[in-house]
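Take a look at this one; I'll ask things after.
Going by the order they are written in, the chains are A, B, C and D; count residues from 1 in each one.
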Amino acid sequence: MSQQTDVSIPTLGERTVRSPLPLNTDHDDLIANFVPDAIRVRYNAEINSDAPLPEMLFEKAGPREFIFFEPAKVRAAIITCGGLCPGLNNVIRSAFRQLNNYGVPEVWGIRYGYQGLNPAADAPPVLITSEMVDDIHRDGGSILGSSRGEQPAPVMVDFLQHRGINVLLTIGGDGTQRGAHEIAVEAQRRGYPLAVAGIPKTIDNDIMYTSRTFGFSSAVDMARTVLTCAHNEARAYPNGVALVRLMGRDSGFIAAIATLASQEVNFVLIPEISFQLEGENGFLNVLKRRLKARQHALIAVAEGAGQHLLTDGQREKDASGNVLHKDIGLYLRDRITAFFKEQKIPISMKYIDPSYIIRSMPANSEDCWLCDQYARHAVHAAMAGKTDMLVGKWNGFIHVPLPMATASRKKISPESLLWNSVLSATGQPAQLI
Amino acid sequence: MSQQTDVSIPTLGERTVRSPLPLNTDHDDLIANFVPDAIRVRYNAEINSDAPLPEMLFEKAGPREFIFFEPAKVRAAIITCGGLCPGLNNVIRSAFRQLNNYGVPEVWGIRYGYQGLNPAADAPPVLITSEMVDDIHRDGGSILGSSRGEQPAPVMVDFLQHRGINVLLTIGGDGTQRGAHEIAVEAQRRGYPLAVAGIPKTIDNDIMYTSRTFGFSSAVDMARTVLTCAHNEARAYPNGVALVRLMGRDSGFIAAIATLASQEVNFVLIPEISFQLEGENGFLNVLKRRLKARQHALIAVAEGAGQHLLTDGQREKDASGNVLHKDIGLYLRDRITAFFKEQKIPISMKYIDPSYIIRSMPANSEDCWLCDQYARHAVHAAMAGKTDMLVGKWNGFIHVPLPMATASRKKISPESLLWNSVLSATGQPAQLI
Amino acid sequence: MSQQTDVSIPTLGERTVRSPLPLNTDHDDLIANFVPDAIRVRYNAEINSDAPLPEMLFEKAGPREFIFFEPAKVRAAIITCGGLCPGLNNVIRSAFRQLNNYGVPEVWGIRYGYQGLNPAADAPPVLITSEMVDDIHRDGGSILGSSRGEQPAPVMVDFLQHRGINVLLTIGGDGTQRGAHEIAVEAQRRGYPLAVAGIPKTIDNDIMYTSRTFGFSSAVDMARTVLTCAHNEARAYPNGVALVRLMGRDSGFIAAIATLASQEVNFVLIPEISFQLEGENGFLNVLKRRLKARQHALIAVAEGAGQHLLTDGQREKDASGNVLHKDIGLYLRDRITAFFKEQKIPISMKYIDPSYIIRSMPANSEDCWLCDQYARHAVHAAMAGKTDMLVGKWNGFIHVPLPMATASRKKISPESLLWNSVLSATGQPAQLI
Amino acid sequence: MSQQTDVSIPTLGERTVRSPLPLNTDHDDLIANFVPDAIRVRYNAEINSDAPLPEMLFEKAGPREFIFFEPAKVRAAIITCGGLCPGLNNVIRSAFRQLNNYGVPEVWGIRYGYQGLNPAADAPPVLITSEMVDDIHRDGGSILGSSRGEQPAPVMVDFLQHRGINVLLTIGGDGTQRGAHEIAVEAQRRGYPLAVAGIPKTIDNDIMYTSRTFGFSSAVDMARTVLTCAHNEARAYPNGVALVRLMGRDSGFIAAIATLASQEVNFVLIPEISFQLEGENGFLNVLKRRLKARQHALIAVAEGAGQHLLTDGQREKDASGNVLHKDIGLYLRDRITAFFKEQKIPISMKYIDPSYIIRSMPANSEDCWLCDQYARHAVHAAMAGKTDMLVGKWNGFIHVPLPMATASRKKISPESLLWNSVLSATGQPAQLI
């Protein structure tokens, strides 16, 4: 038998308050069951007797029978940070509702991300009401607003402490969750009982221990629509080349999955798979052969792909304020254009960057209900006094310590069946080198 | 340690042919890996040390290094049976493409479901070509057609044998897969080496060992749209009651998940949870109190809910050819209308049955790529000589024996967190009795 | 030269107040122009010298330089009546905003249609605020609610007079506008200066002197989606027959235009064109020949088609409370089913009635901006003291007296090019008799 | 009475062939009527007795009783030119079908626009079949392909003459129609009886005598979606500025109408209305005041707006190969960014250019049926021997001589009610100077 790691989650203290939720611990009485703290979820559901893997066990998420906080004494706050992502409003709404279910009397909405936890920004929080959130789940964006960047943890904890906020739900990606960890650490240092529960928001779907972040499905929906449009553009012109830049800084999930959904893409370039432009089997010559054979090509490139091509040296060449070449999409567009010009092959190039459209759309149905689940689980965790943690989703909803969730990023393995099916769907060579 | 069951899959014989697919078994060479037959996937990823469960292990789906069939000698057939479901064309297309990847020279499309395997129906199969399937993944329906009902297994095997078809991909629900099992058994009885690989198509998402059937996500999308419309209807009229009948013969997944996605529903009635109409806490009086408090109500009912209300006795009362009362939707509509008439409370009742619209829509992005994966895995399994099996999805894609897959149906547990979150989202009482 | 009729519009009195809107009467100064009262719009833009038609001239809609009401003294009310229709919220919002532009201090929303003008209904109006309407244009339904049926004009005028409401915008179809006319007449009888301006809301697009009512375009959008789904159903089954019932009580515009948009329909039945079921060239035998030739058929029927088939005699036959046969959709479904049963031809019948879904969807873009224009023109008219009138759209926006707008209904002429192109698109015979 | 101009259309000769279409000239027999050649449609439906306008009369479009061509001797060709536009495939399909209705035996699809009429391009035409076009009306793009640019008229007429093509349907904007005119003139010069009938395709909706070109409604739909997304982006960040570049080289219809549909835009900049960036009431300072008041702003800019800002002088300043400043969208983005940097006001700028997505989407319902009508009318005109003309839509479908249709462009008048309602919806000042 292989080695087991049981991943433990920090808590604020003993859970002595009977949960007010109408669940119980009896089976077969048709009433939902509280989740015992002892249940564990395996990270690895596979068994390969030839190559046994170390096992990692996570706490199962869900409402606990005994909780840490007296609900009437809770002041909760919700914060959305970083780039927009479909589903932010849905999370806000369901978190508010679930806090209501517990009987929490005050739920504050922090304005403009971590800026709103800094009095210097002069953006005071708003008290969330039922009317305020009633219809927001059908809209994109975030009613609370967002911002990028950090604020000093002591300043933020001052703010929270000053207002008596003891539950903080942080909706954001790994930058946000690193900030959340700092808040949790600072509160703990002060002995201030603050439950910090993270909800993984990254449109790139690259959070560890989280098979699916919210917003991703909606992003793929819109990306597929755009790929179909781009396919129409490519097909309609002699030697039509359509190049779509999709999100994916470190991981190519949107590009890969949208390609599988669209089935029209001929080349997908993602951060996980290195490629060359030059050389007989480099991308440009392979593209040239494709055009010769089929007269059109559709390329999807994740924003983080091919970063090695954008070396400092190269950037210096284009300097004088020209920021184009830091963007792989624009870089590729220019390189492809130049290559075919050099080859004296006229092409019709269409470059599309739908990023801002994709991230500000309303959530699709999948994300709507995923957001609902994430939000409720985060509330359950916080009410139980779990802190410095994030709700993950891996063989079910789980609790993940923030440092563990942000230590690295989930990526597509080039040797996985997923990537292999992308290659099958596109027909592109496994290596563009 | 608890007891383990290793679920074995019938095979046609030894796998002696080297797969022509460009994968290998080396790690870290950036080339995708064949899946060893020995890898197992746990049914149960949870550990509850207080109540250990028996473990069930499934074969992991995926391309095998050695396969049973010489691809050049394969004649494959694809069949779609039962009601329409978003994604049928996507499965057909990806299955055709993956068979192509193996080098299979002939892929036949059986017309109109199992009828097309009976010469009496006079609906000869069509040879599928690349042009034929090129653009079908954006359309609903099935280019092959479908039908309900059974055909005698010997007749169907005669048909297949006569045409030399040795790989049969059966896309359908549990009726279809029971038929597929009979075909597999009959072929085996004859010693005819036929690989029968099923792909679980049930819009209800109720196939065992399959966390997600294709078409379900698209169904939820459209169901949510309809629920939002119905909510608009209910809110706009004094005592507006909107009643939406959704699919779900034995399982309420569409109704429950669409409710979580929509967040507008006030009552969800599903087959798994019994309810009464009459009585102080029966549905009608609870609805009356809701109307008194809020002046409108939105109800979602799965087609299989409340079947006990439609007893023979009751049906006799309404007889004389009146078939209305076999349908819980129409029955509820009439009972609610009659109840409030009796109570002298004027209501505005809107009844909506979107079933045919939901099932004939094109697949959404989630289903598009899920279909692609199911189709490719079914081809991998069949080429490896697996038979009498279905591609399941449970902690990853797995192989499930057909009799096991069709022995019972996946259902929502009334004690699950899923159902509990539905109750939270609707505010309906846990019991309507 | 042919005879001219100049259609005059009742007014409350002289326009002595200078409009506060920032327009003028100078040309070529890049500032928008007030519309002189003297401008007329021809009903008939065609000239047929062989058959000259009498000419009818309407007042052109638009902001007037001098208006009747002192804006600061206006209390306006907005009311939505009858069935839901995409765009109601858009009209409410733009009317509120345009009233704001004039400086009107109070805008009331009447609840639940004409019921809200009857104190007996106990549904007091709400004071509309900017926040209330800010985001409503993206949602279907009506934030004010609606109802069918009439209320006594004296009661309603009492209500309006009591609250000092002197501008009433009535959003509704011809029943609503007949009620609006009665209100205008009653107010005039009392000498109470009330401006009643109607906005034509009929999803059927059947209001006279109005080439396009709002909601119609959205209805066609959704109807087309449903027809495409139904086409998928019909094609997928042997002898598949899909029957879609669409709105259109007196006029078949939705069915006809959605057919042109969809291009998949084989038969359209509308109220304007009589047809027979029986007989060699009756619908049933023509359908039979179609199935023989093509094995599937898609039928769109407007709700008001074939009413002669639903004679009292026939209704008596099916009586005993069975209300089915008052609905042409269900009647046709049953007759087709019975006919093919009799003919011993198995068919697969799918019946779809999407009415409630269609009418409660949000407005599409066309309707969004059409609603905006209607709303603003209605406000301009009312501020100018026009009353007992409706904003029409015929060669531009015009003013139409309410009695004239409700005297008859716009219909499709069987001899028109529009209907002829429907026949071309469906391939159905010009006569089913 | 004012002066009348009767606009005449060139014809190939006498119409001596009885149309095979099943229409007649009798009224009240429920059979559609041929359109007499003598019917005229007024350009101006308004009467302003104070300022009478000269009248212009157009031929009414529609099927004629007597036509020029013997259908069996017609070889027709369809060509799509210029940028993609929603609805191209719909026009192709309906034109093919209507030609079929006349009994035309051969319909050719020219590949890649005018390139396909030049043998040098080596892109031979394809014979269109029913199967080929059956399902294309649901897809964006053009199955025939397109290209920009001209070809010599003699070369193109050689090509047409060589293949015996005597009906040419040209689908394109004013560049395309100018080319069509040259073809018509060259054919006439040779005495080759070629009917050239244009169908106005410009997503900008800027063709004269055409109130609505196809593709425009779909463009507005998608533009509205993007504006709503951009609004979400702007609102979510402190001093969020979203800038959306929309199509509209000479006319701002897409930007203006999408703004009315969206109701979220704060500033619309179109080619017809000049504006300044600098100065107290220039755009930048007005934007600054808006941000101060509301903390966010949404700007829509048509691609042809503010061209005076991109003078050569200015371009020289930024030169050294930097092509950014030829694009008003990118120019504005940079100027706004620089201005607020200078003002030391941090803003969050989001720039979105959805052009390629908008133009390659499938047609919406409005465009679907509009395409159908345009296509059928073009076929009717060509079969009647009308040539060197375009199907316009102005108070109904009309015939417009190509030189007249391409002589100038339809624009938004700054003094129109349309533009005034845009100002009302945005709240922007009438002048940004």
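In the analysis below, a residue touches a chain if its C-beta (ideal position, glycine included) is under 8 Å from a C-beta of that chain, and two chains touch if they have at least 3 such contacts.
The model shown is predicted, which means the values in this text are computed figures rather than measured ones.
Identification of common neighbours of chain C and chain D yields A, B. Should one ask which of A-C and A-D has more C-beta pairs in contact, the pair is A-D.
If each chain is reduced to the centroid of its CA atoms, chain A and chain D end up 41 Å from each other. Per-chain CA centroids place chain A at a distance of 45 Å from chain C. Rounded to whole angstrom units, the spacing between the C-alpha centres of chain A and chain B is 29. Under the contact definition stated at the top, the residues of chain B that touch 2 or more other chains are 138-139, 228. Per the touch definition, chain C reaches chain D in the complex via residues 22-23, 27-33, 35-36, 38-42, 45-50, 57, 60, 62-63, 90, 93-94, 97-98, 101, 137-138, 217, 220-221, 224, 228, 257-258, 260-263, 273, 364-366, 368-369, 372-373, 376, 395-396, 414-417, 419-421, 423-425, 430-431. Contacts from chain D toward chain B in the complex involve residues 135, 138-139.
Those residues of chain D that touch chain A in the complex are listed here as 84, 112, 115, 121, 123, 139-142, 145-147, 225-226, 228-233, 235-238, 242, 320, 322, 348, 350-354, 356-357, 359-361.
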